[in-house]
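The data blocks that follow each hold one structure.
Common to both upcoming complexes is subunit A, partnered first by subunit B, then by subunit C.
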Partner chain A sequence: MLLDIIFNAFNGLIAGSFYALMAIGLSLILGLNGVINFAHGGFMALAAYLAFTLVPYVGFWGALVIAPLLTGGVGYIVEQLVVKRLYLRDPLYSLLATFGLALIIQDMLRTIWGAQGLPLAIPDFLNQPLSSTYFFVTGYRLFVMVLAVVSTAGLFAALRFTRLGVRIRAGNKDLETISAVGVNILLLRSANFMLGIVFAGLAGVLAAGQLGLTPTMGDQLIMPSFVAIVVGGVGSLLGSLLGGLIIGVASGITTAFYPAGSEVVIYLIMGVMLIARPRGLLGQEGLFE
Partner chain B sequence: MNEVMRVATAAPKPRLNDNRRERLGLLLLGLLLITVPLWVPLVGGYADLASRVLIYALAAMGLNLLLGFTGGLSFGHAAYFGLGAYGTGLMLANYTGNTLLALLAGTALGGLAALVLGPIAVRRRGIYFSMITIAIGQMFYFIAVRWNGVTGGEDGLSGFSRQPIFGWPLTSTHFYYLVLGFFALGALVLWTVLNSPLGHTFVAIRENQKRLVFLGIRVERYVALSFAISGLICALAGSLNALLDNFASPDDLKYTLSGNFLIIVVLGGMRNFWGPLVGATIFVLVQNYVSAVTQNWMTVLGLVFVISVLFFPLGVMGFFKRRQRH
Partner chain C sequence: MALKTLQGGGYGRRGLLKTGAALGAAGLAGPVWGADTVPVKIGQIDSTTGNFAVLGQSQIKGAALAAHELNAAGGILGRPVQVLVEDDAGSPATGIDKAGRLLHQENVDFFIGTVSSAVSLSLSQFAEAHGKVFVCSGGHVDKLTGAGCNWATFRVCSTTWILTDGDSKTLYDKFGKKWYFLTTDYAFGHSEQADYTKQVTGYGGTILGGALVPVGTSDFSSYLIQAKAAGPDVLCLLLAGDDQINAMKQITQFGLNKSMAVAGALFELEQIAALPEAARYGVWTFEWYWNQPGVPHVAEFVKRYNTMYPGLYPSQRSWFGYVSVHALALAAKAANSVDSVKVAKAMEGLVLPPEIALQPGKPMFRAEDHQLLLGMFPGEVNQTGTYPHLMTIYDYVPGASIALSPSETGCTITYPS
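After this line comes the complex of A and B, so read on.
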């Protein structure tokens, strides 16, 4: 029984890594662009399908790098065409526009690659179970977690030590001021949007290796990512990371006891958090309100 | 509250001319809706399609109380719509043959959920509020999908059908009139609320929340109340929808439907009382005809979202009324 719980908790940690990667991208975009990017799940699935197409040519490792970057490029185009025009308007409009984009992306994926699920080939050595005595954990799962940690650490380092990162953080605090001191905030927001989409893409390729590809794969991951942001606290990237991992593990542990409740528990955690501590784990009071 | 009431009563009354035009418009609208079964086949429609328009319009009008008049961007109102649908369906399938009683039960279930969950959702405002409402809505979706024994799981809830009311069989046309009756009732409730001091408080919250806080008004309570009323109206619409289809689907609870309600409101015109009716007409017709023509109707729907947001943010009614807005 204990093993069962540990196994499910570890599984939850993997799912939580996906939630966390998604939530970090969403959180970046929410912070500087002020947009709840409903199309995030769509971009994630797009990256996964691009990786599927790229793997025969550049291999898994190449696809892992190229697909998220390509998706970031698509994100840039979408930002320029649609999202950019909505920055000054009520959040309702960007929410609805990205919701529409999500429908379009999902439909396009279905039209191009078909509605059936597809597998993403991952390198053989990652597919081996790590230990045969205890429970079935493949190298890939460990790899997912390591990569999630490394990319998040990389993001935090970039936000701390590069000029772009410092500007993004400054823009989160006070966009008008950094605009006044001569930062091109439109460019900054585009770059930030792309960065968020690249993270969605990374989550997409990794998730595809684990769960396979379907046009609706983004749907299943975007809602928990919203919850991760609420639980972790809006405005805090570290909070989004923690929130993602927490709900992932909680969902995993619930699977061990009561499988039917594994999704609902995520929302219950959010409800409890909202009642006990409305600003979330690491959130600041009164941001975006 | 008192302060708002004083401000509200001091506001200029609409001029008589406006009033008369409004009444004439309402009369025409009523005539148009009552005669639908007579003319709708002539334009290639059918009574059930008209019922769907009214049901979606009613839900969107309920949502609009919160969105357009109180300024609360809820992305989870399908939850209350779906709860209404499941409540009605479960009543009819298991407990009673009385259609009206089932309708009442479904509406009460959804309204109660909105009453309980509103205060939790309003703990945060702005974008955050939307995210919370989406998540709460999805919780109900997963409950409906996972609670197989009661809800029928992914396949939805079937095995019930609307029963005659006092021996009056609910054919498509008869059912349309039932829907129209409840639509009128819902509209009347919303109209009364909006023209009461309570409604003025809602609008005041939309316009300047900070100021109301300074006046000592507990804004969250009022937003929660608006949330509950709008949820109740959505639940009524959902109950009717279950009766229309003789079926309740998990999709009735899904955030996609919440998004559809929002776009209906925006399409028609957010700040306009009848806007959602116009929006629902456009939406249902587009959905109905496009899905018959092409498999890629989701793309078309997505384009409707993007284009209406980019180019017609005021909606159809707002587009026509732009000049005469105060």
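After this line comes the complex of A and C, so read on.
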């Protein structure tokens, strides 16, 4: 039984690191752009499908780099055409607009690539368990976990040490002031939106390597990321990371005792968090209380 | 290459409507209908989005081919046939909502379709309440032609009993006594698991346990840890739609298929095509297969399907849709009416002619429970095969030899007085 719990906790940690990766892009956009991006899952799926098309030409590794960047480009266009126009309005507008976008992207994927599930080939050496005891730790899942940690660390470093990063952080705190000192906040928000979408794309390609592609793949992955943000704290990137890991592990451990409750438990945690500490673990005060 | 051709076949609601309109027009171009001829309308409730979209679209394609053929040959009782498709998105509530629209706005004469058993059960009740025949194309739950049967509902695809009985003995003899289930958490999965449990314990086997998996699960890792801990001989997958694909992939990645046999009842051409080569394995049952050398009419059917949908081969789902429409036409002809009660009575005991049965046996709609006694095609997945050569069929098992007897199904048919 103890081994079973340890297995499931460890397995949850792997799943959680993946939620965290998705949640970070969402959290970036929510922070500076003030947009609850319901189309995040759609962009993930878009990147995954682009990767599927690219793999025969540039291989898995090439696609893992190029597809998220291309999706970031699409994200930029969408921001310019749609999201940008809604910054001054009530957040409900951008929420509805991105929800609509999510549906548009999903139907577009279905039209172009078909409703049929498609496999995304990953390198063989990653596609097997590392040991027969820990059969659920495949090379690929370990790789996803490491990549989640590395890219999150990279993002933190960028926010800390680059000029763009410092501006994004400052904008998170007080957009009007940095605008007053001469920062082009429209450009800053565009760049930030794009960065968030690149993260979504990265998560999407990685998810496809494990689960394959379906037009609705984003829907299945997006909800845990929202929960991760709420639990970790809106506006805090570190909180999103922590939130992802917590719900992953909690869901894993629950499986050992009561498999049917493994999904409910993450919403229970969210519910408890919203009652006891609405700002989340590391969230800024004031956003939700 | 295989995938390319399949992608070409995928299309959304608008595409379907366009195709439907084009087919209608093509059909009309054959015989000349009178200006005031009212078409016979068949409402098809099927998934074009959601977890069952791919399977639903194959059923829609099959039904459209049948309507096309009927129209070219004079329609039903001299009236053109029109199949009106609505998407249920895998949800009973949506399915019933759309069925209501088809009934009240389009005045459809009959209903066909459904992939999800949950939608099948709801639509069956709806059809009975509104006095319209419903030919269920693809929902397998036993109850539909068992305890929950009614006069208005007929079913083309097998019951979960027939489906599981098609391979349970083979799996038991070949792989072992100790079984563990991964079961999709709705009517279809529950029904399958109950049937397998009864059969396997009957042979002397043991059920070690099982996990109920919500529809739409993408990450199966935690369930697989439980399965591995149980240590079964046979890991029996009772999943549907895209869930099956995700589970098979993760089982392969974890290497579980090396330490236990992975098998189950329902597996579909569309699902195998979506799997990478390493995840294609196992012994399964098909309910129809396109490659039946020497069986009359099958090759011609495949060719007609190819012509209408270039690059695509008919799956069992295509055949379900095809039979649903033709069975209605045959029964209406026999009854010389499109009145649902008369058509239902004519369909009882209806034996499918060889050009529609497209298999060695003679499937018949059993009068006692309205279940089509179709044959089963147990076989093994071709790991290295390319689309459409994805299965090697071992055998053909006539449905009548494995179906529960009418008294065991719990069905009693009562017609409205």
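Please note the rule applied: the second predicted complex is superposed on the first by the 283 of 289 C-alpha atoms of A that agree within 3 Å, B and C clash if a C-alpha of one lies under 4 Å from a C-alpha of the other, contacts with A are read in each partner's own complex, and residues count from 1 in each chain.
The rule is short, and it goes like this: contacts are C-beta pairs under 8 Å (C-beta built on N, C-alpha and C of every residue); 3 or more make two chains touch, one makes a residue touch a chain.
Keep in mind that what you see is a predicted model, and the values were worked out from it rather than measured.
Undergrad: By the touch definition at the top of the document, which applies to A:86: first (subunit B), second (subunit C), both, or neither?
TA: A:86 sits against subunit B, while subunit C stays out of touch.
Undergrad: Applying the document's definition of touch, where does A:47 land relative to subunit B and subunit C: first, second, both, or neither?
TA: neither
Undergrad: Contact-wise, after the overlay, does A:11 reach subunit B, subunit C, both or neither (first, second, both, neither)?
TA: second
Undergrad: Between subunit B and subunit C, whom does A:155 touch in the aligned arrangement: first, second, both, or neither?
TA: neither
Undergrad: In the overlaid three-chain picture, which partner chain does A:250 touch, first (subunit B) or second (subunit C), both, or neither?
TA: After superposition on chain A, A:250 lies in contact with neither partner.
Undergrad: One more residue to check, A:103. First (subunit B), second (subunit C), both or neither?
TA: A:103 contacts subunit B only, not subunit C.
Undergrad: Who does A:74 touch here: subunit B (first), subunit C (second), both, or neither?
TA: Neither partner.
Undergrad: Report for A:111: first if it touches subunit B alone, second if subunit C alone, otherwise both or neither.
TA: Touch partners of A:111: subunit B and subunit C.
Undergrad: Does subunit B (first) or subunit C (second) touch A:267, or do both, or does neither?
TA: first
Undergrad: Following superposition on chain A, which residues of subunit A contact subunit B and also contact subunit C?
TA: Common to the two interfaces on subunit A: residues 107, 111, 260, 263.
Undergrad: State the interface residues of subunit A toward subunit B in the complex, per the touch definition above.
TA: 30, 34, 36, 38, 82, 85-86, 89-93, 95-97, 99-104, 106-108, 111, 223, 226-227, 229-230, 234, 260-261, 263-264, 267-268, 270-271, 274-275, 278, 288-289
Undergrad: Hey, which residues of subunit B end up touching subunit A in the complex?
TA: 67, 73, 75, 120, 123-128, 130-132, 134-136, 138-139, 142-143, 146-147, 255, 259, 262-263, 266, 295-296, 298-299, 301-306, 309-310, 313
Undergrad: Could you please specify the touching residues of subunit A with respect to subunit C in the complex?
TA: 4, 7-8, 11-12, 14-15, 107, 110-111, 113-119, 121, 127-129, 132, 135-136, 138, 140-141, 207, 210-212, 214, 216-217, 220-221, 251-252, 255-256, 259-260, 262-263
Undergrad: Which residues, counting only subunit C, touch subunit A once they are in their complex?
TA: 3, 6-12, 15, 48-51, 53-54, 57, 185, 211-212, 214, 216-219, 221-226, 228-229, 242, 245-246, 249-250, 252-256, 270-271, 273-276, 278-279
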